[in-house]
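What follows is a group of structures, each given as C-alpha cells.
In the two assemblies presented below, chain A is common to both, partnered first by chain B and then by chain C.
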Partner chain A sequence: MGRYVARRLLQGLLTLFLVMVLLHLLTTAAIQLNGNPALAFFGDRVPTAAQLQAVSERYGLGDACYNQLGNPCVGPFLDRLAAYATGDFGTDLRGREVTEIVAVAAPNTLRLFAVVGLTWLVVGMTLGSLAARYRGRAADHGIRAGSILVDAFPVFVMLLVYKFVVTVPMSTWARDTFGAESLPALLFRPSFSPDHPWATVLVPGVLLGLAGSAAFIRLVRAAQLENYNAEHVRTARSKGLGERHVTLFHIVRNSSIPVVTAIGFVFAEALAGAVVTEGLMNVYGMGGVLWSAVRDSDVSVVVGIVTLLAVVTVVVMIVVDLLYAALDPRIRFD
Partner chain B sequence: MTDDPTGGDRSSTEPLLEVEDLVVEFATSDGVVRAVDGLSWSVSAGETLAVVGESGSGKSVSSLAVMGLLQTPPARIVRGSVRFRGTDLLSLPRAEHRRYCGDHVAMVFQDALAALNPVYTVGFQLTEALVARTGTSRREARRRAVELLDLVRVPNAAQRVRDYPHQFSGGMRQRVMIAMALALDPQVLIADEPTTALDVTVQAQIMTLLAEIQAERQMALVLITHDLGVVASVADRVTVMYAGRAVEQAPVLDAFTRPAHPYTAALLRSVPRLEALPGEDEDAELAVIPGRPPELVALPPGCSFHPRCQRSVAGCRVDPGPALRLVAPGRRAACHLAEEQLADPPVPVAAPAPAEEVRGG
Partner chain C sequence: MTDPTTSALVAREADASGPGGPARRDPSRSLWSEAFRTLRRRPSVVAASVVVLFFAVVALVPGLFTAKDPRRCDIGESRLTPQGLGAEHPLGTNVRGCDVWAQVIHGAQPSLLLAFVVVGASVLIGLVLGTLSGYYLGWVDALTSRLVEVFLVIPLLLAALLALSLFRNVDLGTGQLASILQPALVLTAFGWMGYTRYVRASVLEARNLDYVTAATVLGASDLRVMFRHVLPNAIGPVTALVPTAIAGVISTEAVLAFLGIGISPPAVSWGIMISEGSEWFTPGTRHLLVVPLSCLLATVLSFVVLGDSLRDALDPKLR
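The block that comes next holds the complex of A and B.
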C-alpha cells in the first residue's frame, strides 16, 4: 500500500512536470508568434527599445529568447521552477501576487464545485437508480431521453439562455415582489456577487451539475443493470434475502465501483465547465481568472493557475485510484 | 441386469418437494417460447434426483422457477405448482416465496466465481442470510462461518473466512458455495451443474462431498446436470429432459441399462467409453446424436425428438406428441415406441465412471 502510494505520487510529480513543460512551450510559442504582450502596454505609442525592455522585464518576459521563434526558452523555465520551489509564484501584469489572486478566487470556485458535485451526485445516483429499477418502462425511457437531451445541449448555450432569457425577468420580478436583498432575487441575479457568494452561485452550479450528470445517469444505470441480472445477485436472492437488502448490499454496492472511477473524469469535465460558467456568470473564481489571464496574455497567472489545477487533478486521480482499490478487493496494490 | 422393482421405487416416503405440471414461458422477440412444458418431479428426504438434459432443455429454468428466481418478465409461469411439504410456493407472493426457500430449499449454482459477490468476504456471505434473519452477533456469525467452512472441508477455515472469493481455487470456491447453501439448514438442496466449471479431479471431490453431506443430513438433493457420469455415480432417480419436457423418468440404474426413450439411449451412446461395447468396432467413432436441439420457437410437430430419432415412424410426426406414461413398474417415458426401446438388448452398466476411478487405458 505504502509503496503503491509512493509510486503514484512519483508518477503524479512526473505528470506535473510534463504539464509544466508543455505549458511553458505553448505560452512561449504564443508569445513568440503573437508578439510581446508588453507592446500592448504602450497602446498606440511606439516605445523605445529601453522602455519596451523595462516593461518586458516587469512582465517577466525580458529574456531575448521570447523574440526568437522556436527557441524553447529553457533558461526562463528553469528560473520559474526555481521560483516555484521557493514558493514564489510571481505576479500578474499589474504586480499583484498570484498567490493572493488564488486566495480570493479559489473559495468561489470551491463553492461552485460543491454545488456542481452535489447536484451531479444526487441527480445522477437518483435518476440512474430509478432508470435501472424501472428498466424498459416509461420512467426509464423518459430519464434516458432527458439525459441525452441535456447532453446534446452545450453548457454554455444553457447558461446563455439562462442568463439572457431567464434571469432578467425572474430577478426583476423577484426584486419587485420580495425586495432586492431577498433570496429569490439573489438566486436569479444574472451575475455573481461577492457579497452573496453562495446564493448567486447556486443556480449556475445546479445547471452545470445537471449538464455533468447527464452522462453519469447513464453510467449509473448501466452499472446497476449489469448487477441486477448478475449471478451473485441471484445467489443473494436465493438465500431468501429481502429485495431492499439485495439492492443495497449487492446492486448499489457493487455498481459503486465503476461509478467512483467516473468521479475522475467528471471532475476534469467540471473544471472545464467551471471556466465557461465563471466567465459567463462573472464569477471571480479560478476559471474566471484564467479566462481573463489568457485573454490578456498574462503568462505568470496562466502558468501558475494551470499548474495549480494540474496539481489538484493529479491528487483527485490518485484519491480515485485508492478509493477504487478500497471498494474492490480484487484490485491489489503491487 | 433386469428391472429391479425395489430399486425402482425408493420414493415410498412422503415427497418433500414436488413439482407438478410446471409450464414456464418466455417472451422473446421471436414470440413466446415454452421453455418448460408440463414438467413434474418430486424428491423425498435422503433421495437424490438427477435432472438431465442438453443446454436449453429447460432444466435450469425449472429450478429457478422452483426458487422464485426467474426474471418476470420475460419469464412467466403459466401453470403448475411447486409444493414444499404441501405448501404451494408458486401461490405465495414472490418475496414470501423467496423467504420460504431461504429457510427450506437452498441452491448451489454452477459458476461459483460469478455466483459469489466479489466485494464481500466469504465469511460475510456465508452468514449474510443468518444475520439478516436472526440478527446474530458478528462474533457468533464469524464462529458459524468457520463451522460451515469446516463442514465442507476447506482447510484453515478460521483464516479463510476473511478471504474474498477470488482468493480461492475453483474447487474451494464451490465448497464455499455449498457451505453457503447449507447455512440455514435446508431440507432440499438444488445443485445446478455444481461441477461443470471445475476440472475433472475436483469434480469428483465435490460430488463426493455433496453426496456425503446429503447422506449425513438426509437432505433431498436435486442434481441438475448434463454429465451422465455424475448421474450414474450419485443419483437414485433420473428425469431426462428434452425441449422443455420430461421424456423419461426412472431409477438411475434402469434408465442407464435399459433406457425406455430413444433420446436417453442416444445420450448414453454418446458418452465416451474406455472399452468398446461387445460387438462394437474398437475403432468406431463416438456416436453422436444427429442434428441439433430444436429451436423452442419452432418445435417440430408431434414428438419434438423425432427429427433426430433413429426409431421415428410416421406416427411420431403427428400431434399431439407422446405423453409421459407408465411403461414399466416405476418408470415413465414419453415415447410411442417405449416398449420397443425397452426390448433392445441392455447396455452393459454404463461406463460413465466417477472421475476418481478412471484409470489409464
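The block that comes next holds the complex of A and C.
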C-alpha cells in the first residue's frame, strides 16, 4: 500500500509538471502570436522601447524569447518553477498577489461546491435508489425520463433561463411581499452579493447540482440493480435479514464503488460548471477570476490559478483511487 | 490516471451499465442487428431519429427551407413579433432586423458541423491511441496514460475558455469551415481522453481471448490482429457514447458563443442567437430566446435519448 501511494504521488507530480509545461507553451504561443500584453498598459500612447522593456520586465515578460514565434521560452519557465517552489505565485497586472486573490475567491467557489455536492449526493442517491428499488414500475420510468430531460438541458441554458426568465419577476415579487433584505428576496437575486454569500449562491448551486445528478442517478441505479440479483444479497435474505438491513448494508454499500468513481468526474464537471455559473451570476470565485484574467491576458494569474486547480484535481484523483481499496476488499494495489 | 489494472476497472465501472465483456456477447453482426431491432420498436427512439434527421437535412440544405439571407438585415424592421407561416417574417425579426426564421435555419449548420467534426476526430484519436496502448502495453501505454491524465486535469470548458481566448485574435479567414476550425481544434484536443480510456479497457479484455491468440499463432501481423480482431469488439461501448457526446458539443458551443468565443459572428449559430436573444426576454421580445432555445433543446434531447437507448441496446447485461 505504501509503495502504491508513493508511486501515485510521483505520477501526480509528473502530471502536474506536464500540465505546467502545456500551459506555459499555450500562453507563450499566444503572446508570440498576439503581441506583448504589456502594450495594453500604455493604452493609445506609443511607448519608447525602453519604457516598453521596463513594463514588460515588471510583468515578467521581459525575455526576448516572447517576441520570437516558435521559441519555447525555457528560461522564463524555469524561473517560474523556481518561484512556485518557494511559494511565490507572482502578481497580477495591477501588482496584487495571486495568493491573495485566491484567498478571497476560493471561499466563494467552495460555497458553490458545497451546495452542488450536497444536492448531487442527496438527489442522486435518493432517486437512484428509488429507481432501482421499484425497477420497471412507474416510479422507475418517471425518474429515468426525468434524468434524461435534465441531461438534455445544458447547465448553461438552465442558468440562462433562470437568470433572464425566472429571477426578475420572482425577486420583484419577493421584495414587494417580504421586503428587500428578506431571505426569499435574496434567494432569487439575479446576481451574487458578497454580503450574503450563502443565500445568493444557493439557487444557482442547486441548479448546477441537479444538472450533474442526472447522470449520477442512472449510475446509482445501474450499480444497485447489479447488486439486487447478486448472490451475496440472496444469502443475506435467506439468512432472514430484514429488507431494510439488506438494502442499506449489502446493496447500497456494495454499489458505492462506481459512485466513488463518479466523484472524480463530478468534481471536474463542477469545476467547469463553476466557470459558467460564476461568470453568469457574477460570483467572485476562482472561475470568475480566471475568466477575467484570460480576457486581460494576465499570464501569471492564468497559469497560477490553473496550476492550483490542477493540484486540487490531481489530489482528488489520488484520493478516489485510494478509496477503492478501502471500499472493495478485492482491490489490492501491491 | 491510474495503473493499468485499476484504470481498466475504473473505465468499466464508470459506465453506468458497464460495456460488458466481449466474451459474453454474441458475434458482432447479430449484436448489431439485434440492437437495431430493439431500437426500432421504441417510440422514443423513432421520434428522436426523426428530429435528428430533420435537423441534419436543415443543416445540409438550408436552401430548402428559406430563400432569405440570414445576414441581410433591415434595421427599420427591428424586433418584429412572429407573423405566422407564409408572411414576410414567419418568426419575426431580431434586434438588428434580421429574419429569425432564416437565422435559425442557417444556424443549424455550424452547430451540427462542429459537433460531428469534434466527435469524429475525438473518436478516431481514441480508437488509435486506445488500441495501441491496450495492445502493446509497456511504454506506449505509460505514455498514453500520462497524456490522458494531463489533459483530464484541465476540464474541457476551462481549457476551451483558455485556449480560445488566448488565440482569439488569430485570423483564420471567413467561411463555414474556417469559422469552426478553432473551436473544433480546441474541443477535440480536450475531448479525446474518454474514448481512449474506454477503447483501451475493452482492448485489454479482448487481447487475451482465445481467438486473438489463435490469430497471432496463425501468423497474423500486429496490425491485422488489432484492426480485424480486437477493434471490432472494442468499438461497441464507444458507439454508445457518440450521440451523447454530440449533444455535449452542441451545448458547449452554446456556452462558448455566450462567452463571446468559439464560433464567432458573422457566422450564425444557435448559441450566438441564444446569447443575443436572452437579454431581450424580460423586455418582452420573447421569441428571440424561445426559438433558438427550442431548436437547441430538441436536438440535444434527441441525441441524449438516442445515446441512452443505444447504450441499453448494446449492453448484454440489460437484455
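Points worth noting:
Operating definition for what follows: the second predicted complex is superposed on the first by the 334 of 334 C-alpha atoms of A that agree within 3 Å, B and C clash if a C-alpha of one lies under 4 Å from a C-alpha of the other, contacts with A are read in each partner's own complex, and residues count from 1 in each chain.
In this section, a residue touches a chain if its C-beta (ideal position, glycine included) is under 8 Å from a C-beta of that chain, and two chains touch if they have at least 3 such contacts.
Remember, it's a predicted structure, so these values are computed and weren't measured experimentally.
The superposition on chain A brings chain B alongside chain C with room for both.
In the superposed model, A:G240 lies in contact with chain B only, and not with chain C.
Looking at the shared chain after the overlay, A:Y324 reaches chain C, while chain B stays out of its contact range. With both structures placed on the common chain, the touch criterion links A:A83 to neither chain B nor chain C. In the superposed model, A:R253 makes contact with chain B only, not with chain C. Once the two complexes are overlaid on the shared chain, A:H232 sits against chain B while remaining clear of chain C. Draw one line from the C-alpha centre of chain A to that of chain B and another to that of chain C; the angle between them is 70°, to the nearest 10. Between chain B and chain C, it is C that contacts the larger number of residues in chain A. Between chain B and chain C, the minimal CA-CA distance in the chain A superposition rounds to 11 Å. Residues 257 of chain A are contacted both by chain B in one complex and by chain C in the other.
Residue ranges of chain C in contact with chain A, taken from their complex: 1-3, 6, 9-10, 13-14, 16-18, 146, 149-150, 152-158, 161-163, 165-167, 169-170, 247, 251-252, 254-255, 258-259, 274, 278-279, 281-282, 289, 293, 296-297, 300-301, 304-305, 308, 317. Taken in their complex, chain A has these residues touching chain C: 4, 7-8, 11, 14-16, 18-19, 22, 26-27, 29-30, 33-34, 148-149, 151-154, 156-157, 160-161, 163-165, 168, 215, 218-219, 221-223, 226, 257-258, 261-262, 265, 268-269, 271-273, 275-276, 279, 287, 290-291, 294-295, 297, 302, 306, 309-310, 313-314, 317, 321, 324, 331, 333.
Interface residues of chain A facing chain B in the complex, by the touch rule stated above, are 229-232, 234-243, 245, 249-250, 253-254, 257, 327-330. Taken together, the chain B residues at the contact with chain A in this complex read 64, 67-69, 71, 95, 98-103, 106-107, 109, 111, 114-120, 128-129, 132-133, 164, 166, 180, 183-184.
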